[in-house]
Amino acid sequence: MAADPRFFPAGSALTLAEAATLAGGELRGGDAALRITGVGPLQAAGAAEVSFLDNRRYLPQALDSQAAAIVIAPELLARLPEGRVAIVTKQPYLGFGRIARALHPVPSARPGIHPTAVIDPTARIGAGSEIGPFVVIEADAEIGPGCIIGPHAVIGAGVVLGEGCRIGAHASLSHTIAGRGVVLHPGARTGQEGFGFAVTPEGRFETMPQLGRVILEDAVEVGANACVDRGSQTDTVLGAGTRLDNLVQIGHNVRTGKGCVLVAQVGLAGSTHLGHGVQMGGQSGTAGHLEIGDRAQIAAQSGVMSDVGVSEVVGGSPAWPMRETLRAFATLRRLAKPAGRPG
Amino acid sequence: MAADPRFFPAGSALTLAEAATLAGGELRGGDAALRITGVGPLQAAGAAEVSFLDNRRYLPQALDSQAAAIVIAPELLARLPEGRVAIVTKQPYLGFGRIARALHPVPSARPGIHPTAVIDPTARIGAGSEIGPFVVIEADAEIGPGCIIGPHAVIGAGVVLGEGCRIGAHASLSHTIAGRGVVLHPGARTGQEGFGFAVTPEGRFETMPQLGRVILEDAVEVGANACVDRGSQTDTVLGAGTRLDNLVQIGHNVRTGKGCVLVAQVGLAGSTHLGHGVQMGGQSGTAGHLEIGDRAQIAAQSGVMSDVGVSEVVGGSPAWPMRETLRAFATLRRLAKPAGRPG
Amino acid sequence: MAADPRFFPAGSALTLAEAATLAGGELRGGDAALRITGVGPLQAAGAAEVSFLDNRRYLPQALDSQAAAIVIAPELLARLPEGRVAIVTKQPYLGFGRIARALHPVPSARPGIHPTAVIDPTARIGAGSEIGPFVVIEADAEIGPGCIIGPHAVIGAGVVLGEGCRIGAHASLSHTIAGRGVVLHPGARTGQEGFGFAVTPEGRFETMPQLGRVILEDAVEVGANACVDRGSQTDTVLGAGTRLDNLVQIGHNVRTGKGCVLVAQVGLAGSTHLGHGVQMGGQSGTAGHLEIGDRAQIAAQSGVMSDVGVSEVVGGSPAWPMRETLRAFATLRRLAKPAGRPG
């Protein structure tokens, strides 16, 4: 199955030799000059397409595949029959992605400002940027060169976007400083007021002024309809390369290190700090004011109530070291077995 | 309490006889020619309104109700006093809904294109469609006849909508093919990039091109601010009649069968497949690459980590067969009782 | 660290004496006429800024702080060294907030209607309101005086907003009656159709007409991308002063009392009623048709399956009285200890 040309216009074709080079691999067999025009999964790729295999569970599909070549790791190569054309590389998933990207490049900015956009005269728009219909750019905002600002996006007063940012439809940014290559998917929200208030003697809530910002370092991505509140007194900071999936919630004053990965519907309460390379599974959350060490892993749906050490793996709600949580649930299951039934 | 006429303009009145016919039921007692103008809950319905009862817990309210008639199942009828006017049908909730719908029809499209809409000249708009203010319709998109596209909605390049779709305010669609009667509520997002990336040897993340689409079969509904990512290589597919509540997250390559129901804040990780008629309670989630059988039921807040069989009922996080989960929690509660306190 | 002047224009300065009065406190030491221009956290506040301390854990930072004065409770005052300038008040957090607010007032409405706004001729706009670019206000809507309607907001037909409401960018309201001082943050949705349908004998879903409204009492706040569905037959009601954090889901017919606090990603299923002052931690949820008593507290990630009494504290999924849940998890952890390892 080729990509639907209504959505993915065909780029230039590649030869198999070029594809192998892009993948950082070596071509085994096949015609180095064969032209490939697309990529596809093993069971659907056609004779002008490249596929990949990085899990031996899918070997049967590989054996049947019509793909022009299969990107594969050296240790799996022996499993393919003699005649099978392959591109051998230590990182087949990455290599395959690079071939796919060459065939279907990210659309680049179509420089220009849509006539319906409302742009404050004090705002600065970098060269080569594309500003879509109904975009609003408020006073003193700065848009770097080569940015794509999607339809209806709202860039608040004073917001800064570095070079090559992509802002999806209906996204809104206020009180935000973003580096290069930052991506906001549709409906993402950054910089709105955090959830902070004091209680008066009469029992009413008074909003605490939220006087910080959101700092999005280079290459940060924020998923669709995800929310990143600005800091209350300090800043909310997402470290370089950090990726938030859809519907993630980031409370005020949160800081993450570089390269964190937060899967969909994760929630971080205010003032929690994540180290570098922390990974959180879907629907997990943390209490506020915690320290989560570098490379910690937090399982899906976990509820983290206390600090987590470097490289620790935790799970459950409340979250314990993963091994303990697994043992606890195994124990519970055993204890709950109806009497007289074999194990 | 009649529906607020500021929001629900009165339609034509119905006679009790007409109401009974619509409900697929029989009128017991009352004046068949009596005109009813609205519906309401038992305790609030007035003398020109119809109410319904499908739970014996609410019998006391039924006895006191001023409603012109009560839609009721045969097995509850005997509980009503002799003189009480009733519409007797095996499906009182459905029947009541049909009466309500006849009195308050779904607003139909007011054909026309708002002058502020930005529509690419290559896009096709079906006859009788209503295109609201500030709508953006990009190149080669196709809007079927009789669609309602709400204010600020963005219909991306190449997107296809079948007949009679309703797209809420601020919704965005890209890379999406929708059938007939598809509904997106406000702020819903379909077709944005899925959450997929490879890691380079230097530890950076590289986005994997997301080359699939979103297929929304006939009568699919997507809740407010819910997100449906497009496939990475294959498509993300929601089967006919499937309904997503608000803030639901659907990862790339997910497929559901017909008539699935996903309550608010559910999350499905990538490449998981649901059979027909699967029901998932609020805030539940599944890991990726799972197979969930037809008519499986997944309790609220469950975390599904492995395949679920046809008609299985599971709950807990991690999710086990519901009976085991209930027993486990009962056991745990018993074990945790402080010593010396009676059961 | 002063607040970034790109985002927080400096207001008028205050003298220390004025600050103390605003905080409802007394100045200890220092020059009553000293002018302060901002606020900041203990470790970052400069010599013209005020900070606060309400947790003895941060005493070391207080000792080192450069702040002009520290807002502090009487019982902590003795911990500060003799010469330290302080503003002493029983409610340091509230007092500090009032100083911060005086220095950085909430931006007031800049009266006027942006020329791009689309406003139905039957809608009424109160004096002094600010209507942003691309706002849509539909037929018969009423906007109170002094409201700020952010860019792209959609105010549906018949919607009523009281005096001084603030509606964020991309928010949408339909079928909603709001009191004074109601705040919707960006992307919030109120009044859309609830999740209700009947099943036909053929197994299809038929939407139940959703004929209620959303009532937002005075000073209610709805977080970014949060959703409040309208009632099906009765109304969905949020009591005065209730605050929803981001991405919260409120099902149809829910009612809350005054001053409830729902942290991010909470979900309330349909027809559940909360008393006054109920607090729910992040990612917690309730089943439908429950009664939650005044001042009940529901821990983060809890799943409430049955009614909760006045002032009860519950946690876990399913939620039990917090003490039982804590004991159960402690018991489980003990039982799961590997044999032979000391406790």
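In this document, chain identifiers A, B and C correspond to the written order of the chains, with residue numbering beginning at 1 in each.
Please note the rule applied: contacts are C-beta pairs under 8 Å (C-beta built on N, C-alpha and C of every residue); 3 or more make two chains touch, one makes a residue touch a chain.
Since the structure is predicted, the reported quantities are computational estimates derived from the model, not experimental observations.
Rotating chain B by 120 degrees superposes its CA atoms on those of chain C, with the angle stated to the nearest 5.
Taking shared numbers over all numbers used, the chain A to chain B interface scores under half, which places it in the different class. Between chain A and chain B the centroid-to-centroid distance comes to 28 Å (mean Cα coordinates, whole Å). Residues of chain A in contact with two or more other chains: 116, 134, 152, 170, 187, 225, 247, 265, 283, 317, 332, 335.
The touching residues of chain A, counted against chain C in their complex, run 116, 118, 134, 136, 140, 152, 154, 157-158, 170, 172, 174-175, 187, 189, 192-193, 195, 197-201, 203-209, 211-213, 225, 227, 229, 233-234, 247, 249, 251, 265, 267, 269, 283, 285, 287, 303, 317-318, 320, 324, 327-328, 330-332, 335.
Within the complex formed with chain A, the chain C residues making contact are 1, 3-4, 6-8, 39-41, 44, 91, 93-94, 97-98, 100-101, 104, 114, 116, 132-134, 150-152, 168-170, 185-187, 219, 223-225, 241, 243, 245-247, 259, 261, 263-265, 277, 282-283, 300-301, 317, 329, 332-333, 335-336, 338.
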